[in-house]
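These are the structures in question, set out in turn.
One chain, subunit A, links the two complexes that follow: it is found with subunit B in the first and with subunit C in the second.
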Partner chain A sequence: MAAPFSQTRESPMSSKPEQRPNLYALTWRLPIIFWQLIFFVGPVLFMVAMSFFLVKNYRMTEAFEFVNWSRMLTRGFFWDSYWYTLFIATVSTICAMCIAFPAAFTLAFRASEATRRWAIFLLIIPFFTSYLVRTFSWFVILSESGVVNAVLGYVGLGPYTMLNTHFGTLVGYMTLTLPLVVILQTVTMSNIDKNLIEAAHNLGCSPLRTIWQVIIPLSKTGLIIAAIFCFILSFGDFVAPFYLGGSQEPTLPILILDTTKSGQQWPRAAVVAIMMMVTLFAIAFTGIALAYRKGKGAK
Partner chain B sequence: MSKPLVVFDKVQKHFGKFVAVKELDFEIREGEFLAIMGPSGCGKTTTLRMLAGLEAPTHGEIRLNERVMNDVPPHERDTPLVWQSLALFPFLTARENVEFGLKMRGVDKAERKERAIKWLDKMGILEFENRHISTLSGGQKQRVALARSLVMEPQILLLDEPLSALDAHLVIRMQAVLTDLQRELGITFVYVTHSQSEAFAMADRVIIMGKGEIGQIGTPKEIYRAPANQFVAEFVGRNNILAGKVKTVDGGTACIATTSGEFTVPSNGVPLVEGLNASFVISADLVHIATKEPSGENKAYCKLISEEFVGSMVTLFLEDAQRQEFKVQMQERELSKFDLHSGDEIWLSWDAQSAHVLNES
Partner chain C sequence: MYKPTVTSSLLGLNRRQLLKVGGAAVLTTPFVSRAWAATTEINMLAWYGHGEADVVAEYEAANNVKFVPKYYAGGDNMLALIAQSPPGTYDLILSDAEFVQQLNAAGYIEEMNPADYPLDDMLHEDFSQFPGHWADGKMYSMILRGGHLGVSYNKNSVTAEEAESYACFWKPELQGKVGHFDWHLPTLGQMSLYDGNGADLWNLNDDQWAKVQETTMNLRPQVGGFFDYGGTFNGLKNGEMQAMVGIGDWITGVLEKDGAPVASVIPKEGGIQFTESYSIGKGSEKAEEAKKFIQYMMSPAGQVKSAQMAAYPGFCVTNAGRAALIEADMAEATRSHQIDGDPQDPITLIKEGRIHYRDIPQQQSLEDWNDFWSEYKSA
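The block that comes next holds the complex of A and B.
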């Protein structure tokens, strides 16, 4: 009964499905492809090209010279800035991961479902206002006559200089990254199968040891991704080191700004930007490879 | 041999207002295979978890080797549990999983490896020692989970429905593996399940639980032939339950009048009082069928509603004129002599001694 029906119904359709999904899918994909080409691939290629341009009389002229690269990469101040940025972003990542972990752990394992939902909602609120605005509010708190020093003054301490120091830079980075890192860690850890934690306890693993032996290996992927996010945000951030760190030791984003301002050296700034991108690509790639690595996993 | 290893002394467990376990009073003997069976939500898993220290009793005491365990944290107990979900660590290999508990106990690397290999070999999965958990089959994972618990060489092993995720034929194989292991090692197994066939096939004693209370404790045979009350009788399944009023009591026997007629039952020490309600059960396999009316007592004339084949055994579902349900279990080759069809009417009968009075109220 079904056989003749299905034949007559299928045969005229069978040629079409091969064309239709293609056109349909393409229509939906095109905007994204165009967007990526126009706003990402294009500018990056232009930036690479620009790094070989020359600046004459404060005006950029098209050229193909390696002079910008050799200038930048042989200068001590570039490498100082590079290593400092790498260092401070690493410190920022370690700080954020460590500060966030107890909070995320509590939210994931000790808090109720409702509390967790509210906490995540509250952690999203900081993103409602501009990061720049939030950074400026730290002036009131951290300055020599600010809230923290006033409180410390009562107990006979300080005043301490917190603005325009590495500490200030880190406070800024934490402002930027902590809410996100707490959210990512919480979501990762709350997805852990609770039976595995109980199984560890059952096999003689104390609660503290379970964190290292079971919880961290199980949430490895999420934790590494949180760390990657934190590192990328800190590495590329301009606001914290500029306003709270006082740019005494310029990070690469500050170096880019300085280079473009002084003598319109856009090509040299492009060199710095490309170095940053290459570094971030390498770190993100390694991190993600590590996060999804099958095999022995964390020991 | 029957020294109590574990004692549950008036143990209760409340979750907020919900009472998961009403009051448990029982002993677990050293070296026995005890099954705790009941429908879901009866508190059987909570009972097991309290024994492992994963839940704390709200009231009462749990004693292991005469030591009160209430405040001992789970990681300081020697009560390994085999989880329903197995709860194997996915980031470790099979052998690393087995070594986990030993590592936590501070056993050195060489001994850990040696003992893990011994157990993997015993479970017949040594060839998979370096494989990741995700690459193992259900039965292999099962064996890793067992090895992981047994490598600790505990006095007692807790099992929470460990076979529920396996295919039927694997369940039978693993049942044999478990009973053999238990006999060989001589350690106590506490096995929680909702499956009657698993509990009856493996356990020395069975605890039937319902709504946070113990319905009956006994050997599988006792529970099957002599259920203590209506709940147990209904849960055990293949039973005919008849309810009525006591008509006469005469020494060791009583006559109970039901809507389906009057039946003689042995009173088995149950205090029966004339005129009061009483019910009794007859196991489905102790009921005979006949085409002609049998001469003795204890018979019912029924219509066949349906049949259920399980291999060589058949269960007949019947109903008498008063819509009282009857079940009869028999060999398929026996049944084939009768050539029955749905709607056919037939006589059922049983020996008075086969009936068992329920101890109600």
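The block that comes next holds the complex of A and C.
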């Protein structure tokens, strides 16, 4: 008869070494924990609480009412904005990933180490200037009397309306996200073992098939992370849809502004913001799970 | 034996002299600081432009005061800023007239003495007792300036005759070229006028409100964008927008001076007047200085400054102010029709009943109007 497990004695050899709290390591971790608590968890909790507050005489008063939630979530304009924001951010992500891929591929596999370094440095430079300023510069380029239409005019085309359209919004999103996506894709693909690509060639794999069956699967994690960043930035951006898209149709960040402008309805704006956060959490979580999921046959 | 004097290289002073000068400087510093501190700071809450140098610099220099402006965009925003600040934060509050009643009801502004201001020199009798500025026979705000909202258009694509009606916004050639200033109140007010509501444009019953919504929705296919102050300027200037709903000379006037082929007119259905007024903040410790500045802005010199304000023009409200503007800047007086006998003279338009003072909805809430505005934008 087996001895009851309570009486089982582990041999000293099999026991794990005693885990002592490493105060030194903990000390280094504390700042980031405090940072997250103060600047992320705290404000998010306050925002959730605020969504139940009421506004009286342009002043928020503490309450626990669901009126803001019911008022926003039952309105057609909220869902119109929601689905449009989701759609345009998805299109932006697809565009950025497709435009960035050839550039990143060239930098990762065709360019020299020095060229790649310079290219990444040049891709970082746009972040030195204000995104708003970069957005405004598109006015000169995209307007009907702008540079693009002037060039098209020489070959008898146009003028085309590009500002205050979905195209304008997408141009703004690309301004914001494309450099980052190219950098992330380049860094990811640069880390692929070149021997695997050569092996594919030696085994008769066509270049296109090598991309699909070797390079993309091997850089899956980095590509998905790049796509997630692109989606998050586009989904939450106010500047491009407002200034280059002319607020047609309003995205959720524009709806937040509209809601606060009239009657200072910060609680209702909080409802929109929470819906945005929940959506982004779901998408980011799904994306990351997908990025780190092991493929068939993986050990 | 020669003993060299230890000197400082500074101005050739020896050490003892330098110490004396330095000591004197240190000891007098508090008095110098106090002299600087004597400049009185006046906290102003206003639309952009009212605290800028082109308006206040002369007054500041002459009166040893310094304006510290806090700018807002929209009456709601203004009320929220006051509501969230301790009493006495703002000495001077520039408000759209329709929000003065709410300022007063919330106890944010001081009573003013009518005798301190030129109420007997107003260009229109309404200005002496402007709606909402008085309560129980007491005055709480002083009208400073105004401007009219009508049809704003590019002269190259809309004729003056077409601009005589809001119907021009539906012109097929303007599809995608009609812009909106992104605020529901002026646009819906204009649509209400187009629907024939006249003086009752803000006092709409359910049927009238439904009709205004329907009319506005019909305009949606024509609309090329919704813009803030800067976007409205850009849209008209670069030709992306050929007509604008909800604005007037306060935008096109600036562009017109810059040579752009744009103009604003009051159509036959009528226009809307925005009115800006000064109040003194409740609990202000500088109420006297604030009153003095309001008196300056109501003087002929102040009225000229207001009419010429770089950010956006507004018309004079006093006879003396208009006369001073004509004398100082005939070109601006002519451009803005501030000439007796001009058919587009803002005062004549009010007297003819073609202008209605901007107000807030009477039978619906501001939220109802704003919700519809959001629906309209996403349509």
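Please note the rule applied: the second predicted complex is superposed on the first by the 266 of 299 C-alpha atoms of A that agree within 3 Å, B and C clash if a C-alpha of one lies under 4 Å from a C-alpha of the other, contacts with A are read in each partner's own complex, and residues count from 1 in each chain.
Basically, a residue touches a chain if its C-beta (ideal position, glycine included) is under 8 Å from a C-beta of that chain, and two chains touch if they have at least 3 such contacts.
These figures come from a predicted structure and were not determined experimentally.
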| item | value |
| --- | --- |
| Room on subunit A for both subunit B and subunit C (clash or fit) | fit |
| Touching partner for A:N191 - first (subunit B), second (subunit C), both, neither | neither |
| Which superposed partner A:T161 touches (first subunit B, second subunit C, both, neither) | second |
| First (subunit B), second (subunit C), both or neither touched by A:F139 | second |
| Comparison of subunit B and subunit C by subunit A residues contacted | C |
| Partner chain in contact with A:S262 - subunit B first, subunit C second, else both or neither | second |
| Partner chain in contact with A:S247 - subunit B first, subunit C second, else both or neither | second |
| Contacts of A:G76 with subunit B and subunit C, given as first, second, both or neither | second |
| Nearest-approach distance, in Å, of subunit C Cα atoms to those of subunit B in the combined model | 45 |
| On subunit A, the residue positions that both subunit B and subunit C contact, one per complex | none |
| Contacting residues of subunit A [partner subunit B, same complex] | 193, 195-196, 198-207, 209, 213-214, 217-218, 220, 294-298 |
| In the complex, subunit A residues that touch subunit C | 57-59, 75-77, 80-81, 84, 139, 143-146, 161, 163-164, 242-243, 245-250, 254-255, 258-259, 261-265 |
| Subunit B - residues contacting subunit A, complex | 52-54, 73-77, 79-81, 83, 85, 87-93, 100-101, 104-105, 132, 148-149, 152 |
| Subunit C to subunit A touching residues, read off their complex | 73-74, 76-77, 79-80, 83-84, 106, 176, 179, 182-184, 223-228, 231, 234-235, 238-240, 366-367, 369-371, 373-375, 377-379 |
